[in-house]
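To keep things clear, I will list the structure first and then write my remarks on it.
In this document, chain identifiers A, B and C correspond to the written order of the chains, with residue numbering beginning at 1 in each.
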Amino acid sequence: MIDVRSILDNVRRNTPLVHNITNYVTVNDCANILLACGGSPIMSDDVADVEDITSICGGLNINIGTLNKNTISAMMLAGKRSNELGHPVLLDPVGAGASRLRTETAERLLKEVRFAVIRGNISEIKALAQGSTTTKGVDADAADQVNAENLDSVTAFAKAFSLKTGAVIAITGATDVITDGTRVCLISNGHPMMSRITGTGCMLSAMATAFVTANQDRPFEAVCTAVIAMGLAGEIAHGRLSELDGNSSYRNYIIDAIYNLTAEQLENGAKYELL
Amino acid sequence: MIDVRSILDNVRRNTPLVHNITNYVTVNDCANILLACGGSPIMSDDVADVEDITSICGGLNINIGTLNKNTISAMMLAGKRSNELGHPVLLDPVGAGASRLRTETAERLLKEVRFAVIRGNISEIKALAQGSTTTKGVDADAADQVNAENLDSVTAFAKAFSLKTGAVIAITGATDVITDGTRVCLISNGHPMMSRITGTGCMLSAMATAFVTANQDRPFEAVCTAVIAMGLAGEIAHGRLSELDGNSSYRNYIIDAIYNLTAEQLENGAKYELL
Amino acid sequence: MIDVRSILDNVRRNTPLVHNITNYVTVNDCANILLACGGSPIMSDDVADVEDITSICGGLNINIGTLNKNTISAMMLAGKRSNELGHPVLLDPVGAGASRLRTETAERLLKEVRFAVIRGNISEIKALAQGSTTTKGVDADAADQVNAENLDSVTAFAKAFSLKTGAVIAITGATDVITDGTRVCLISNGHPMMSRITGTGCMLSAMATAFVTANQDRPFEAVCTAVIAMGLAGEIAHGRLSELDGNSSYRNYIIDAIYNLTAEQLENGAKYELL
């Protein structure tokens, strides 16, 4: 059993300050979901700014969704400084496998920075762990979904990747696979419509950073709880959709659902299995 | 008659992957409307990333709303690579005529890249086609609206510009003028309140790229259908506004309306005339 | 008494065109609130573009929320050009005190550009005026809230800072303190939940620039009215929240409330005191 209640309580009580070096596509949603869950966001991506900013924060969220030379250098600097300070650092390797720059940047980050968490879809995590490449852009290859048939091989490779990197690995999709190399958590919260919004993955990464920052003695449980919370918010928000609502309102409702999420909802709504 | 039904069906069936090099103001809305219409977005604007990314996509949307040296170079590289691959490329010359950098960048893009579609307001298209300049920023000059009196001259210059560039020209405003140099489509869908939201033009450009990408044998019809769909979404969304709703909710409702748009709605709601 | 009615009327009648060099986190909200209040936004942050763009605008909003070498140079250029043209310029020193780059950039801006308005939370304004630093990131230190006990010292230092810079100083928080060095306005509109949305400060700065641009003979009254309007929108929007709504819907409702704000609402809802 994961004590999701105490994990959430710690976030709400500690207001973890999260430094985000993230893409400009979903950055506003990342900031608002951090505020919704009880954290506090700062965005800063310039080489001359990131070390100071990360020093006053509790955790660091690195998302490679839109990269350039300056922000890549900033990611390295901020990651190393966070490591020195003992802050948890999360990597969201958006589009790893889809371009050389993204794959190589993610690989270089893995070499130079020690990550507490790596969260991506299966195509991205495979690209990092196995060097494979996708041709479907920043969304997971359909051929790559986690299902009953490949579950064993996916958990095996996730565990191996976790042991190699020392990070909690979170492969998110219809079924989410979270592992710290020993334990594995399969989570089935969520709704298919979440893939019709830009940034559900980015928002989850931002939120997971806050959860780990506020629960540094339990990173595995913190990541699992963040993934459950995001999926549950997707379910709650979906239940709220009127006939005229589409993906834009859905996005707002998901952030709203995180804002209003109670420990009771989280405990009662969590759908997971620990292997 | 434009077979709007089959155009929309093709978008929904093919999930066109669209590479966007676009401004950071409305980028999130562009991503969400691409998902809403049935496409899939990728954003990438660094010189070291864009060729790889555009290669795995089906179409390219170039929007010059916020430029810098690096993104301008990225636009040239991505445009040329897309041309080599036979991908349709759309130009949205935001603010052409409002600054030298914007006008010159748009002109340089026209020289170095072959565009399938150019979409802008009349001030922007005039700046490109005739070298005229505006003093009203990124919104169309009031003096420049398409109306009964200037319709003939506007369609004539749009046709000439289409023949010169080889692109479908879409001049959007209260009345939209679309031409492939031979045919002209006048569209009167839409609502004046759409001009009180940032990004309706940018969103339309992103969506039009998806429509053309999924209907490469019919770029003129695809652009007309995208313009009709956007205008119709503006009407549907407006019908949904409560007394307390303003432009922010309106933005969400427009994206929602695209998400829920059916072929029937599109056929029945389309208001256009082919000249 | 502040003639809030005529201030708002001038904004609605003149459609002030505001050039924004602002962070990419909240830029979309800034654009939409400018449109909501009756203004018109342009974003441009490249050294090669800003002088042309600011020349066709009426006012300039400089927000240092996400900085880099290029945008810092652009701020200096645009600020100086605006000064030459007699356009009002507003500074929002986001995160001043939280990093060297932010503090030094804000200080350099104060040296090289003449500001009509400086708006920030108390930690940021203190960092600028007194060289003090915070460790709480971009949000105001709890220890730094304006309250009955420190009100006298806060107004004294705000007045001194106003006299030193020649700018209207707006320190916003639970109680807002606005001063032009002589007059002081204390405003108590607003709702605590506004701090759970990213960008309420940024949006207010954008809107205040529009208000000052449309009321250049009354900058103090214009800033006060913008602050009152933002706070009142926060109250109106809060009254609209359903049980399921959270901070994301709240953000939309605030912009909506500005869109629908009438002169009557503003006059009747204003809660301020002139010292």
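Here is the rule we go by: a contact is a pair of C-beta atoms (placed from the backbone, for glycine too) under 8 Å apart; a residue touches a chain by one contact, two chains touch by 3 or more.
For clarity, every value in this text was computed on a predicted model and none was experimentally measured.
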*asked:* Counting one step per pair of touching chains, how far is chain C from chain B at the shortest?
replied: 1
*What's the call on chain A versus chain B, same or different interface residues, using the half cut on shared numbers?*
different
_Quick check: how many Å separate the C-alpha centres of chain A and chain B?_
33
_chain C: positions in contact with at least two other chains_ = 24, 28, 251-252
*asked:* Looking at the complex, which residues from chain A come into contact with chain C?
replied: 17, 24, 27-28, 31-32, 35-36, 40-46, 48-49, 52-53, 56-57, 70, 240, 251-260
*Which bits of chain C are touching chain A when the two form their complex?*
23-26, 28-29, 65-69, 95, 98-102, 135-139, 196-199, 243-249, 251-252
